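Okay, so chain A shows up in both of these, paired with chain B first and chain C after.
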Partner chain A sequence: MSARSRLRTGVILFGLLHVGVVCAGFFAPYDPAAQDREHPYAPPMRPHFVDVNGRVHLRPFFYAQTLRVGSYDEYEENRASIIPVKFFVRGARYHLLGALPLRTHLFGGDLPLYLLGSDAYGRDLFSRVLFGAQVSLLAGLIGASLTLAIGLCIGAAAGFWGGWRDEALMRVAELFMALPWIYLLFAMRAFLPLAVPPLQAFVLVVVVFAAVGWARPARMVRGIVISAKERDFVRAARGFGASGGYLLRRHILPETAGVVLTQVAILGPQFVLAEMTLSFLGLGMPEPVPSWGNMLASLQHYNVLVSYWWMYLPVVIMVPFFLGYLLLASLLQENSGAAKIEVARSGV
Partner chain B sequence: MAILACVLRIHSAAAFAARAATAHANDEPLRLAGESGHAGGRIVIALRSEPKTLNPLTATDGTSREVISTMQADLVHINRATQLTEPALAKSWKISADGLQYTLTLRQGLKFSDGHPVDIDDVLFTFRVYLDEGVHASQRDLLIVGGKPIVVRKVDAQTVQFVMPKPYGVAERLFDSLEILPRHLLEPAYKEGKLAQAGAMGTAPDQWAGLGAFRLKEYVAGQRLVLERNPYYWKTDEQGNRLPYLDEIVFLFVPSADAQVLRFQSGETDLISRLGAENFAVLSRQARDSTMADAGPGLEYNFLFFNLNELGDKAPAELARKQSWFRSEKFRLAVSLAIDREAILRLVYQGRGAALWGPVTPGNARWANAALRYPGRSLDKSRQLLAEAGFRLATGESAQPRLVDADGRPVEFSIVTSSSNADRAKMAALVEDDLKQLGMRVQVVPLEMRSLIDRVTQTKEYDACVLGIASFDADPNSDINVWLSSGGMHLWNPAQKHAATEWEAEIDRLMEQQLTATTSVQRKKLYDRVQEILVERQPMIFLASPDILVGAKKNIGNFHPAVLEPYVLWNVEQLYLRNGAENARR
Partner chain C sequence: MMRFLLRRAGHAAFLLFGVSLLAFFFSALAPGNYFDEMRLNPQISAERVTALRAAYQVDRPMAVRYAHWAGALLHGDLGFSFAYNTPVAPLLWARARNTLVLTGTATVLVWALALPLGIWSAERRGKPMDVALSWVTAALLIVPDLALAFGLLLLAVWSAWLPTGGMVSVGFDEFSAVHKVRDVAVHLVLPVTVLVAAALPVLLRHVRSAVAEALEAPFVRAAEGHGISRMRLLYRYALPAAGHPLIALFGFSLGTLLSGSLLVEVVMSWPGLGPFLLEAILARDLYVVIGGVLLSALFLVVGNFVADVLLYWVDPRIRAEAPGR
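And then the complex of A and B:
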């Protein structure tokens, strides 16, 4: 497969996953916070096409699950009760793309359907994974963009003007890299008022990620800027009297595109993982708002680990996302402007 | 088979003969009924935290108390299974008709675990120390009745008299857990004013002694505490064999509940207590060589309470506004009625617990007010109460109608809960969802335990909180500083100078009265009224009480868990290992 078609496959796969996440309300059958107290820790349901009588259904159906008498987390399939899957059903209200209020869901049933099972409160894991991805991936994206914006400005300034400015900025960057950021976050959470609305707490945490994480990209950008400003075409432009701002904008910053794009792809998952770490420590998104981090937090309980295997499913679902990001990163690296110039030059 | 049993018995009798310390004819050991066991072997138990001290005077944390209970003894003891008093170091006692004089007769031939004989001066010394203000013993409050200390008098070499300033309702239960201290070891420290430092965890085994079934052998900081059999213990089994049966108890320090479960499952520990319902279910499912037992509802009660502190001008405006809701009894009752306690039972305790409406759990049938029953969840009644209190539903542009107060401000508050307690965090999440149905917007904030306690008792910066209290005794007095308005554990408004409300003043009066009431019928009547007021006024919204869930390896004999602490070790002197081969291997 050529690089181009691989890139295309990666982008399509990745795009599809993200469409699912962005339109979580539509694809998820339930409100991610809705509790179904009759079905705690329900295992995932399997879709069927052939019923017990051997009759083939064109429309997939599920068998209802009921708690075994006297048990609180063991279910049995009720073969007498068939739940046909219905499409485009009305259900819990949600806001598509955060704005459009809708009630139509892709699928649903007359009785609860748990594709990936349910958690301790009987909340649908499938819905929670989709909505949780919104939170976690958004955190990754915002965090990465902020980090790079800061890193780019500081790195470019340090590399382009050099001298004492370079010295000062790079020492500050080293200081930031040496910071024990996890303790910084602990401290920051303690300073916030007791009940910070989830979104606000989350944005604050992302801002801190960015504030702390800019140093590494800044150093990379600085390196590229230093080498780029000595290139012949830059010198030539300078000789023709181009101003510093023009040189940066027109000739030098474009050189850093490869690094920046690659860094977006790498930092994205890194921040998703960081958000997970925070939720794991109880610093991230508060219940009942789902995030991949707080979904994994329940796995630290021994009984969950050994009794309910489907609680691991969010992990399985995260893998293609992270692989997608990394695939994208390596492809962007191959296709970046700087690499092309190198290729062109060696070709001459 | 019969022959084998016979051989075993002979073997164990021989072992007993070898192990028994020289006994005198006039010794009066306490003979315990029940299954007789084999001598020897050791059991291993995990503790959730390291004990802070071995000194009964300064021990306030649960693990220290648990360890001390195996190393020390009291004059009169409350049997943790029957919850009744029984003779211990005192073989008998008499209470005068006016309820003012308690005369206790000491058992003959008692010896401390280092072999030093016990006499009445040890008892006098013990109570002098407990009552000495300079020592700051946690037991002192129990020995002050109506503001005056109890007077202790020596009658003769075996008899001691306690004179109460007023009749004392708890009667001989008073003496439970008042451990008799070794004067010969502690008097020098007492005279130097260094008693509080005695019995620190590094104490050498020959510098520490008690009258309990076990004595100190080895302590390795951060790892384990090893106790060995006290050869001078004053109890025997039915056949006259000196107890305890076991040679050793090893306490391992295993901080997390999940790690404790793993240790028990892998066979590293022999006993496990304080299990959560879910871990209990896992162990029950997988246990082949262990007995998992549900000892029934315990004395722990979990509850939600609101910040009712009077903060005056210090209060932030927002909190002051919220407090105007919290102070409304109708609001509190509405919240209480909206909470689905049955769901808490199922989802948090997997059915192993009880829904609560008052503070006294079903585990404490003797003191529970039977007239107070959980009326069941009723959202309609809740809504009606809220409407009466001036709240209404506002249907905005959002999907869910929101509850607003008389000024049109939305009802929003946060519930703090301990992040280390999974059960309570779960309860809070269920409460949050229940209250959403009334249109209240609640946010659960998990906090580290220490900062939570700090907020509730010191800074008072919180809206509402989910907590639990585990009483150490069934008697109402064990929780007296929760109910007295001056009490430090009067969580919704602690340490008040004067009772803030009429009903808190009434509870104060009733609790004082029951302290000095002479008959238990009178006390029960007074305490029933206290429970009634608490249910009427709902300063604490009682949620649920978990069962005491414990487990033991199958080869442990006489395993009879109780709902009072220490759940599995209360009869530690009678625990034994059934399997002789197993003993040898260990």
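And then the complex of A and C:
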């Protein structure tokens, strides 16, 4: 693909997916924590246009699923009971963008519809994966931003003032880079309370990311600041009597913008994966709040993997997000060659 | 040479010291310890808990405990596990060995695949096969490891061709030597595949871009003009010139031998260091956690050190700059 078409694909993909996630309440038919004990482990439903009599419906419909007699987890399609899809239906309450209380959902039916199936409590996997994306992607985004903010401050301070401050800060940064990050993450998470409410857990996860990840961006920023410091226009400004703070704000930090943006695109998905890892292992977001990690956790049980393969389906929704990030990151990277070398060393 | 080595070794030692301090610092932040839960147990008397706390010195101040622990460490003693009631070192070693079997195999495979493939695609950069390969690596790159692991597990369950977890079959001890090796190898297939699939795209891309850059260099053009054979051109001229980032990456893959496979170990129930440390973290088995973190940090530091030494040896530019750096 040419850079241009890649940019377009990346941005469109990225934008559409994120609109879907930000407005998860609207696109998801159900509340992510709402349980339906009548339909545990319901398999995914398929939309139909042609019914058993061969009649074509313009409005897509689903067949209702009923438990097979004598079974607790095997369903059969009830061809007699047709659920037409309704659009813009009233359903569970949700808050659009966290503020606007609404009840309208994009689609729904008179009987439960499970596009991706349901889990052990009869919770809709499609709704959960959308709401889970809010948690996971936000953790990635805020984690990356916080990490870069810290990295930017420390890197700028080290590069700008130099001398023993630079030496000390960079030694600490190397120390953090020598730590195996996943164990550091665990160690920090482990030594904090295990059972915490969701919001606190979220803050905790993000802060842990920032504490682990700041060193690498700090080193990159430092390198740029050191070279920018010696540029002629900076010297000129200094000659005119500009203060240190002014120089940093006005002339030096803008030079780092390219690297910082690239790093957001690289660190973002990494932190999404880290959040998935933590939650998957039970150290991140607690149930019933969905996150991509804790949704996959149930697959660890052998029988779930064997009998209810659709528990794996949320992955199908996750992969396009990573594709969007990859496209964006590779484009940004091509535009700032300096970042490449550092990334090559990091091996990620 | 000696001075350069000493400098890097001193640096590594400093890093390890720092890691041990940090690990201890985090442990000091921890609310509670292993014995706190015992206090809730009516069958254990308060005096007994106090005595245990004193015996394991968890009631002493941080600095004293650190000094004690660091002193023991210098004699090769990593401390004592509360949960297993034995020294930490043998426990860790048994698990680390299993992890190394897994990651060692994966690392060898990844490099054996990435080097020839990377050079091959660098040679025909821009041609259809190179583009196709870059699509494959991109596809591998966007599937999260976790998803990949479960996907393969699902396939293994459906096909029933491969074991879906663990390292050995039931009755392993009675197998003959050949049978034992084969058994472990069969169990290795799935986790190694996941590790290779996760590491290959990154490495392949680096090899490709490094070699492609070297192939553009005038000296390669000149060699080409002299009629040097293709293989010699690629492996004898371009590869060493592309060596710098690759050696750094090699150090990195040495370094992550212990810490890179945690998730796969958990998913595929491989009895390695990862699940063991996770369990220790949940049980607040302090010295096991610190020991594990330190051990994997040791690998990272040693990996970097090896890379530094290799670079010094391979790259005359660094030798010229040394002993500075």
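Going forward, the second predicted complex is superposed on the first by the 304 of 348 C-alpha atoms of A that agree within 3 Å, B and C clash if a C-alpha of one lies under 4 Å from a C-alpha of the other, contacts with A are read in each partner's own complex, and residues count from 1 in each chain.
By definition in this document, a residue touches a chain if its C-beta (ideal position, glycine included) is under 8 Å from a C-beta of that chain, and two chains touch if they have at least 3 such contacts.
Bear in mind the structure is a predicted one, so any value in this text is a computation, not a measurement.
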Notebook entry, point to check: In the superposed arrangement, which partner chain does A:V69 touch: chain B (first), chain C (second), both, or neither?
Noted result: neither
Next item on the list: In the overlay, answer first, second, both or neither for which of chain B and chain C A:Q35 touches.
Entry: first
Note to self: Under the stated touch criterion, which partner chain does A:Y121 make contact with: chain B (first), chain C (second), both, or neither?
What the structure shows: first
Next item on the list: Quick one: name whichever of chain B and chain C touches more residues of chain A.
Entry: C
Next item on the list: State whether A:L100 touches chain B only (first), chain C only (second), both chains, or neither.
Entry: neither
Next item on the list: Scan A:Y312 for contacts with chain B and chain C and give back first, second, both or neither.
Entry: second
Next item on the list: Would you check which partner chain A:Q300 touches, where first means chain B only, second means chain C only, and both and neither mean what they say?
Entry: both
Item checked: Where chain A meets both chain C and chain B, residue numbers -> 190, 194, 300, 302, 306
Margin query: Which residues of chain C touch chain A once you look at their complex with the stated criterion?
Written below: 14-16, 18-19, 22-23, 26-27, 29-31, 138, 141-147, 150-151, 153-154, 157, 164-165, 202-203, 206, 210, 245, 248-249, 252-253, 256, 258-259, 262-263, 266-267, 277-278, 281-282, 284, 289, 292-293, 296-297, 299-301, 304
Checklist line | Residues of chain B that touch chain A when the two form their complex | finding: 258, 261-262, 276, 278-279, 281-282, 340, 343, 346-347, 350-351, 399, 413-414, 416, 419, 422, 426, 429-430, 432-433, 443-446, 451, 455, 461-463
Check: Where on chain A does chain C make contact in their complex?
Finding: 171-172, 174-175, 178-184, 186-194, 273, 276-277, 280-281, 283, 293, 296, 299-300, 302, 305-306, 309, 312, 315, 318-319, 322-323, 326, 341, 344-348
Item checked: Residue numbers on chain A that touch chain B, as the complex places them -> 33, 35, 37, 40, 72-73, 93, 101, 120-122, 190, 194-195, 197-198, 282, 286-288, 300-304, 306-307
